[in-house]
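Next, two complexes with chain A in common: one pairs it with chain B, the other with chain C.
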Partner chain A sequence: MRSKVVLRRLFRNPQARYGIIAFVLLVALAYIGPYFGSYEWTEKDFMAFLSPPDADHWWGTTSIGQDMYAITLRGMQKSIVIGVLVALIATGLAAVVGAFAGYFGGWLDRVLMWGVDLLLVLPSFLILAIVSPRLRDGSWIWFVVLLAAFTWMITSRVVRSMTISLREREYVQAAVYMGIPRWKIIFRHIVPNLSSLLIIDATLNVSGAVVGEAALSFFGFGIQPPDVSLGTLIAEGSRNATGYPWLFAFPAGMLVLLVLSVNLIGDGLRDALDPGSNS
Partner chain B sequence: MGKYLLRRLAINVILVAVAASLAYMLAATTMNPRGAYEGRQPPVPEAVIDATLDAYNLNDKTPVLQRYATWASGVITGDFGKTWNGGSVNDEMGRRVWVSLRLLLIGTIVGFVVGVALGAWSAVRQYKISDRVIGVSAFVLMAIPVFVLATLLAIGTYNLNRGLGFTLIEYTGEYNPKLAGWDQLMNRLNHLILPTISLSIGVSGAAFYSRIQRNMMLDVLGQDFVRTAMAKGLRRRTALIKHALRTALIPSATYFAFALGTMFTGAIFTEKIYAWHGMGAWLVDAINANDVNSVAAVTFFAAVCVLAAGFLSDLLVAALDPRVRVS
Partner chain C sequence: MSILEVTDLTVTFPGGVQAVRGVSYGVERGEVLGIVGESGSGKSVTSLAIMGLLPRGAQVSGSVKLHGRELLGMDEDEIVKVRGKSISMIFQDPLSAFTPVYTIGDQIAEAVRVHQKMAKDKAAKRAVELLDLVGIPNPNLRAKAFPHEFSGGMRQRAMIAMAIANDPDLLICDEPTTALDVTIQAQVLEVLKTAQQETGAGIVMITHDLGVIAGMADRVLVMYAGRPVEQGPVDDIYYRPRMPYTMGLLASIPRIDGEEGSLVPIEGNPPSPSALPPGCPFAPRCPMKVDMCDDEEPPLTPFGSGRHVACIRSHEIEHKGLTGADVFPVPVIPPSDVVRVPRAERATVLRLDDMIRHYPLMKGAVFKRRVGTVYAVDGISFDIAEGETLALVGESGCGKTTTLQQIMQLAPPQGGRVVVLGKDSAKLDKAARKALRRDLQIVFQDPMAALDPRMPVGDIIAEPLRAHGRKDVRARVSELLELVGLSPEHAERYPQQFSGGQRQRIGIARALALEPKLLVLDEPVSALDVSIQAGVINLLEELKNTLGLSYLFVAHDLAVVRHLADRVAVMYLGRIAEIGTVENVYDHPAHPYTQALLSAIPLPDPEMERTRKRILLEGDLPSPADPPSGCRFRTRCPKFARLSEAERQRCVDEEPSVARLGNAVDHGAACHYAEEIEVITASDDQEEK
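== the complex of A and B ==
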């Protein structure tokens, strides 16, 4: 079984092993950690404003008395969910659009690729910055959709060119002569054969989306209060980072660890799925 | 060739027009420049506000298509309109482009040169300690977003300055307007140190280029033409630099061309964190100030830059790779 071989290779690769361990630990910290803390993320401790880390508030408190430990973990949950969702949507879209454009060719190809070019030229930062603060009523899911809509284009170009070469393979031709509908061929024969590319792409998209969300939230264009993400926390922390370093250090450290672990997994996956490449 | 260039130019013009028009429409329909005038004390009469906004082509009572027509006919003659408080967008842009250039040119080039040099060197010394150290530090730096790195550097400098008791390295602004002549120049260079470091070592600089360069160099090192070059008696250094590095430079050079093109609007974080008033910072400020015409102008400029960068990268590849020129 190929998947077993790949998994074995993945776990033999020390980079990927550390990446997976770190990522699992971080996810566990984000979702199980809050049960061990003594404060809720919505709670405000009016006896402790801007107190440095101590036994009561493990990671210190903010200027309005929120517990940094609780609120950072809450932000991390949101960042992880956003990263994974954006990666799934973006890679899925890239696979579908690229495979259809490459397989059918002709006018469909031209229209889709023209759309890709257009999206590449469109000022994604501007559109996200203008639209996302207007989705105030808690619908961060729209933010995810927007972020994904500006992530998938380059991969879909790669998928398209790979599909064009897959289209001529014997097993695809055989499926055509057996009378299987075209869309079924794409999902059953073309996309699975691109899976290594897509898995790697999705993994790297996770870290890309986590950073992208944090970047937009840094300017107040992403996740809107009262909701928090690592980006909003870093933005707030960096304003007072010299006097109250714990406000900046914990969310920024978590963000870097998260991105680092996902990148390690992505690199390890590439080695495991595509042993010929050394990139 | 001429026909190809013309076709390409025509497509690019259309793409720029579409991008800028969409940005204008989006900004004009969602932003509210009126708000900046309405809340004032003492209150401004509505007729005055209308007249002012009309003069700037920002009045939300005018149909958006009509405003768009006014704006577009201005842009065709090279006039990007007025900012929300009546300044000329063209003047503002003319000033800010140079700020961005002064801030970013050195950092972008240093990042590329250092990254390529380190990448090539670590490929030659594959699996030795120096290769591992470079690889691991590049990997870690790649995981640190620009805004975290820039803030970390600023905190470090703040503490350093406080520890020393005087300002050794500046960490905010572009220059000190009180100084003149030679002192002014030194002051400007001092202000450049931190932004240049944060630009050149991080995700968009040396860390990124060194990873690409190392991989490409490893591919090339095993190939026949490098062995031939050494076999015919070239010194190792000459063979590596003239034959291997030149070929292996093509992908990083492509990225570098893009980086040069997108440099003007790409450094939003560096500009905002170190308080330089360049093009990137302008976009954020304009969005926050509901400044429709400025937003459209930055978008226009960015689209032109991206497409020019694509063209530049094709030229660079053609210059480095004879195979492209032949076909």
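== the complex of A and C ==
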């Protein structure tokens, strides 16, 4: 019943509708768009270095003659997957760890929160430096997991403290007295009531992951040249943003659009889940 | 001449919501005007408008004259001189009305010095005098205490002291006793009367409790949907109401001296101030409605001497001499089959034997050490037979909720036994415990907090069904919604789209989903308005009879208990003081605490309120961490005070246990010197001897 009601409310919400349409269009652009361009992302046009957008190179070229249109879309394919997955994993982990720690309390709470504190205290690049040589040849999934592993801690502390106040609510008590298992109570009554926080956190994490991924590639990790992602493109393009704006504007613009569409979906989902809003 | 003259006061909040729509009244010197109404009727907003305390966005029109001086539109500088000097206000929640970081004495002295030129030491002395006046023991010492060191009742007394500090002409009391227990309420009302005699002020008393108004007020103003619908002397309103809403309100209150039988509910809900019906706002709920009622809102017209009524059929009511019970349809509740079997032959659904629940008191941040024990529940025993309602009553802090939680958890108690449907909770394994939960369900006090706000109602009711593996969930949900008087289409809405009474019905539907045998009701109607409350009480009674349920009913409202319960157990500080059938306990209470409790309850009957003598208890409930030795009630016991030295020794040394009283079949009291007296019905012979 709940999922049906929430879905109906979600599709009735104009914000969410536009967000979903925009997101679908972006995904389509990233995966179908390359077939319409006249260049492959691996091709280099030695006749045109750093040329501004024109009829041949729609979005201009880079300093080594790569077609911006082709590589931006190639980067977007990676970034959409990475951004969305990292956000889902990080927020999901934060919700589960925080809610379990807060709901059960006692030793489980202490152990989980020690773990969180430890991850917060240890500098993440130190751990990455240790781990990365072993995973260098691993798939990009490892990379997503590592990115997520360093973004969830603060949210999970917030979730934990909110759970502690929710735990005493009468409807949670009522569920206990009905004989519903504890883990089910957490997923059915506690997490949905934290959804506003979690959704905002997840949408913020999407853009965080896309940009953060570029920083990680500095360690020789993640997306390696010649392969590209929106993050690496933005990092490179920002150096020449004033002189050759197309190097920066197109990847950054795509990121903005991506994050905007995810935000719209998030807002719509929050309104759909929150019976207090009438939109 | 009247002190306060309010004429045609209206308050409009941003967005065009008219909270108050034309209120007019006057208050004379030394007069008490009672304003009654349900939540959302605009009674509090009216008083805030008079004090000029509404938020900026609110538009106030009309006129408020204090001694002929217009208060509306007065400069902030000017009105500050009036507030607290000529008009003072007493709020509902005494804790938030004091600043936690200053002592009570300082805050009262400050109130004095703001309006009077007085030296600091003199003001401090005056503060102590005032505290003494409102009956705070050791006022010299207590003036130096901080607000959190005062109990709720004491804080409300201090609030009264502060309000009368500058000899105001008018006191506005906004639900002054709603947050307090009955025995404390009786004390505070007594103080309020003293304060009035001392200052000769007029009082505007705002409350939803018709009993309190009956005892205090000279004149009454009944409000509905932002307008007064009836106004007049207290006796006229109570004995000869001429507006169907007032009639319904009076008929819907359960009475502590009342007859058995179903209550008279007012159907429907009060209208929302943003969507008022076209004609009379009460018309949609009124059983006397005629087509003319929808044409226009009836004005408040003079009716007889000194009273006003806003109803086009008031003369007809007068002529025919109708009462609430005549006008409002009285629901017929089918009798129960189970009760025909004598109690001794019925199965026992719940039995508590000497159950104990203590909490450790811990101190220290890093190394916690035990510094004491809270004796929350200290050995209580009772049993509930099939088809029976046992009410557990007592003031806050007496251990009712702890008892209830211990039963619901189905965990082994710290001491004693809890036996539910013949199964000892200490001997249950996990599967048996879950199976037993089917038969034991709970309805909570606050209908908003008890329902997950993020779940549609259908899911809320389906939750226990799914948890216990029922298949026909959808059909059963519709059936349950209809059973509690809601429609099956409501399943897809969220709880907050319902009113308080409807939410409580949803809570009841959820509790009934698994067809339990024992239902635990934790103050199920205390958060509801009177007119809604009657409907829920009737529903509970009907369900009990038709489904053969047994109830454990926890409440502090003794009038509701009298109505719903078969047997009653009175708790005091974690022990049972008195237990027995409702008739025995209410008509012949034997324990001094029960007697005080019953005599403290205000009756919605001005005549009886005036003649009644109250047994006032001294002081507050002792801390359950440090209960008195022997009989726990002896520190406040009026009987103990009258005993001789030798007799007292027994109360100090020996803790009384519940003993059966002489000739009664089902009546016991835990008092060494139990003596049955009548507290409620008789009026003259109940003086304290």
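Here, the second predicted complex is superposed on the first by the 175 of 279 C-alpha atoms of A that agree within 3 Å, B and C clash if a C-alpha of one lies under 4 Å from a C-alpha of the other, contacts with A are read in each partner's own complex, and residues count from 1 in each chain.
Going forward, a contact is a pair of C-beta atoms (placed from the backbone, for glycine too) under 8 Å apart; a residue touches a chain by one contact, two chains touch by 3 or more.
Since this is a predicted model, take the numbers as computed values, not measurements.
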First (chain B), second (chain C), both or neither touched by A:Val5: second
Chain A: partner with more touched residues, chain B or chain C: B
Partner chain(s) touched by A:Asn263 [first = chain B, second = chain C, both, neither]: first
Touching partner for A:Ala129 - first (chain B), second (chain C), both, neither: first
Touched partner set for A:Met178, first chain B, second chain C, both or neither: second
Touched partner set for A:Pro245, first chain B, second chain C, both or neither: first
Which of chain B and chain C A:Ser207 touches, first, second, both or neither: first
Chain B versus chain C as contact partner of A:Arg169, first or second or both or neither: second
Partner chain(s) touched by A:Ile64 [first = chain B, second = chain C, both, neither]: neither
Chain B and chain C footprints on chain A, overlapping residues: none
List of chain A residues in touch with chain C within their complex: 1-2, 5, 169-171, 173-175, 177-180, 184, 188-189, 192-193, 195, 273-276
Residue ranges of chain B touching chain A (in the complex, touch as defined): 15-16, 18-19, 22-23, 26-27, 30-31, 139-140, 142-148, 151-152, 154-155, 158-159, 215, 218-219, 268-269, 272-273, 283-284, 287, 295, 298-299, 302-303, 306-307
Chain B-touching residues of chain A, taken from the complex the two chains share: 117-118, 120-123, 125-127, 129-131, 134, 207, 211, 214-215, 218-219, 221, 234, 238, 241-242, 245, 248, 252, 255-256, 259-260, 263-264, 267, 278-279
Chain C residues within the chain A interface of the complex: 408, 433-434, 437-438, 440-442, 444-446, 449-456, 458-459, 462-464, 467-468, 491-492, 494-497, 510
